[in-house]
Amino acid sequence: MNNQFKTSVYRKESFNAAHRLHNPNWDDKKNQMIFGKCNNANFHGHNYELEVRVTGFCDAETGYVIDVKILSDIIQHAVINKFDHKNLNIEVEEFKNLNPTAENIAFVIYNRLVNRLPNDLDLKIRLYETRKNYVEYPA
Amino acid sequence: MNNQFKTSVYRKESFNAAHRLHNPNWDDKKNQMIFGKCNNANFHGHNYELEVRVTGFCDAETGYVIDVKILSDIIQHAVINKFDHKNLNIEVEEFKNLNPTAENIAFVIYNRLVNRLPNDLDLKIRLYETRKNYVEYPA
Amino acid sequence: MNNQFKTSVYRKESFNAAHRLHNPNWDDKKNQMIFGKCNNANFHGHNYELEVRVTGFCDAETGYVIDVKILSDIIQHAVINKFDHKNLNIEVEEFKNLNPTAENIAFVIYNRLVNRLPNDLDLKIRLYETRKNYVEYPA
Amino acid sequence: MNNQFKTSVYRKESFNAAHRLHNPNWDDKKNQMIFGKCNNANFHGHNYELEVRVTGFCDAETGYVIDVKILSDIIQHAVINKFDHKNLNIEVEEFKNLNPTAENIAFVIYNRLVNRLPNDLDLKIRLYETRKNYVEYPA
Amino acid sequence: MNNQFKTSVYRKESFNAAHRLHNPNWDDKKNQMIFGKCNNANFHGHNYELEVRVTGFCDAETGYVIDVKILSDIIQHAVINKFDHKNLNIEVEEFKNLNPTAENIAFVIYNRLVNRLPNDLDLKIRLYETRKNYVEYPA
Amino acid sequence: MNNQFKTSVYRKESFNAAHRLHNPNWDDKKNQMIFGKCNNANFHGHNYELEVRVTGFCDAETGYVIDVKILSDIIQHAVINKFDHKNLNIEVEEFKNLNPTAENIAFVIYNRLVNRLPNDLDLKIRLYETRKNYVEYPA
């Protein structure tokens, strides 16, 4: 047998966080008009479900693209420990100047993970904000 | 046919909220010891899934225990509109003096709904804080 | 070890059917007012998820309350073969004179199953009409 | 930070509808042979789950590819209001001359949505007919 | 507010295990006839989903029936560490003389947990062997 | 209407199997270090969820890319009947010399299916080992 194509490996993790959507360059009225109830100054929150996809060739000796235990540890260390049971706007460095929309959270998670993975592996992030709303980066 | 037993009708709704667990009669150290990361002063949040169970006899003319459209409107008005995209500790009256654990949120929701339903219907609340943690009131 | 309490066994099946809600004793206006879009004369449909619960003592030799293969065959024969890919109002005997609400469908399924099971086993039906609306009979 | 790649935003909606599979150019025997129980003249039905994927660059001011509230309104207006609690064969214009297979329903939904979205956004439809059968258009 | 009724708290955990169904008092033919493919001498396996329900009164100071972190640790120590990635028939003491049907696994888990919990709390186990087959003990 | 793009059709099936991860070229210590609890000599097991994606143009007469009943039969015959309630290492030919990681199982399933499908259809396999770990081949 000769495994000629790449394989993707997925790992799901989750974190529970508070956030609000807000653009500091806009006045309250515009923030309220654009972000609606997501702009609530007292925050609201979500159970975020994070799906990390890593793509590459299978190692012939292990049968793994990547050991999911190692992948899970990387996600835990770089993302979950920093985001879980936190207020994203206040307690996560990147969101001090970036609106924590699902799109931007996925983008931040991608950047936290991409340099911790071997260079020959491709990375994609899917983030579920709710069962009905989710995003994927890069598309 | 003679429908001799009671039937239960379930309706699921959801709300996304921020909260923290905290007992004001305790010092910070004890709050941290008991509630751990749930005690974070900046709040965290959840996608709460709410399951409302109403039990009674079926009406022979409609075939309904209760019209779920009416049940959904009652839940929307009494609970979702007040809890969704809110900070439970700050913005929901009952939690100004009550710790918003899943147990207490279910208890508060029960009390918000029980008087809005016909007297001959029994009510039970199940509340999912996460996929792995949920409560039921009354048991 | 001495297994002193009863155990419940659950089996999930599903069927896809068309139906409409309608009371022939009412005029069109009242049917429309009470049943709304569920009264559509051309029918609509659902993926019904059926959960059958059977309760009794475990048999010491098999370790089964009931062999779920046998339970599944009973459900298949008495319910799924008659309901799946059918129009409930037109093609299922009991609904020629009974409104196929979720409550009544659960009641009909209970009655189709109860006599096909051993007398010492209790039966309960849960029927999901959608992910958000479901019923249980008997309560 | 410089968000160099495109992001996808997903929105899930649902509708409950009746349908049957039938080719008017074939006789009853061939329709029955090809479409089996899905050919039932009295219709059957499904809880269709619709996943709409929209791909484009994130807006720097909002942090959105598209406001999901706006996306949800477009889907509601162009699809759900016309398909939910309907008989697809009888009540949806496009299926008067098109067999409502999952493939064709996804295709019709794509065409209903594509012109209502900004030109620089890509669109993809995933439609679940059941938990086990679903389609994606375009592939 | 006076919380007059009991509340139930649920915690979900999971374990992945191999097993086979077999009664050593029967010959191979009878074992095969009764247990079918579950009797395979080389074993098969499942992702078991375990739901533990604990019922009691809420503590006024914590707002907890039981701290789910503590409950989770008890389940981890008494069940998951002993069952996960194990062969139930060979490696779990109780199944050396007890057929590991879902009913019996739930019974064994109940007995492993009941004495580790405070006396004033009621315990119930639900165990999912697959998405379609699950049991509850005590009923 | 002119269906200019390809459509994908998905079919989900499942099988319950035992396996262990092991490289016969390594000693026990290295196998234990790399594969951890998955290396258990007595096996463990999973409820594998298999998602088969087939992509091609829709047939104008049927409205199908492929009849899912036919697709399901192919999967049943080539995969499920050979994998379900089996020990993958011992009873499935390909794993006698190939470590049954999720990556390799997806690869084997791909090769079992690809020649049984029409040449103009593309094939992709997604395999869920658990709710949190899954793979896709080819990527």
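Residue numbering begins at 1 within each chain, and the chains themselves are lettered A, B, C, D, E and F in the order written.
Just so we're on the same page, a residue touches a chain if its C-beta (ideal position, glycine included) is under 8 Å from a C-beta of that chain, and two chains touch if they have at least 3 such contacts.
All of these numbers come straight from a predicted model, not from anything done at the bench.
Novice: Which other chains touch subunit D while also touching subunit E?
Specialist: Both subunit D and subunit E are touched by C, F, going by the contact rule given at the top.
Novice: Considering only mean CA positions as chain centres, point out the chain farthest from subunit E.
Specialist: It is D whose centre lies farthest from that of subunit E.
Novice: Do the two copies subunit C and subunit D share over half of their interface residue numbers, or under half; same or different?
Specialist: Homomeric contact, same residues on both sides for the most part.
Novice: The A-F interface: which of C-D, E-F or B-C repeats it, judged by over half of the contact pairs being the same residue numbers?
Specialist: Matching more than half of the contact pairs of A-F: B-C.
Novice: Averaging over Cα atoms per chain, report the distance between subunit D and subunit F in Å.
Specialist: Roughly 27 Å separates the two chain centres.
Novice: Which positions in subunit A touch two or more other chains at once?
Specialist: Where subunit A meets two or more other chains at a single residue, that happens at 131.
Novice: So, with touch as defined above, which chain pairs make the list?
Specialist: A-B, A-D, A-F, B-C, B-E, C-D, C-E, D-F, E-F
Novice: In their complex, what parts of subunit E are in touch with subunit F?
Specialist: Touching subunit F from subunit E are residues 14, 16-19, 37-38, 40, 42-47, 84-87, 90-91, 130-131.
Novice: For the complex, give me every residue of subunit C touching subunit B.
Specialist: On the subunit C side, the touching residues are 21, 23, 25, 34, 36, 94, 98-104, 106-107, 111, 131-139.
Novice: Which stretch or stretches of subunit C touch subunit E in the complex?
Specialist: Residues in contact with subunit E: 1, 3, 5-13, 53, 55, 58, 61-65, 67-69, 122.
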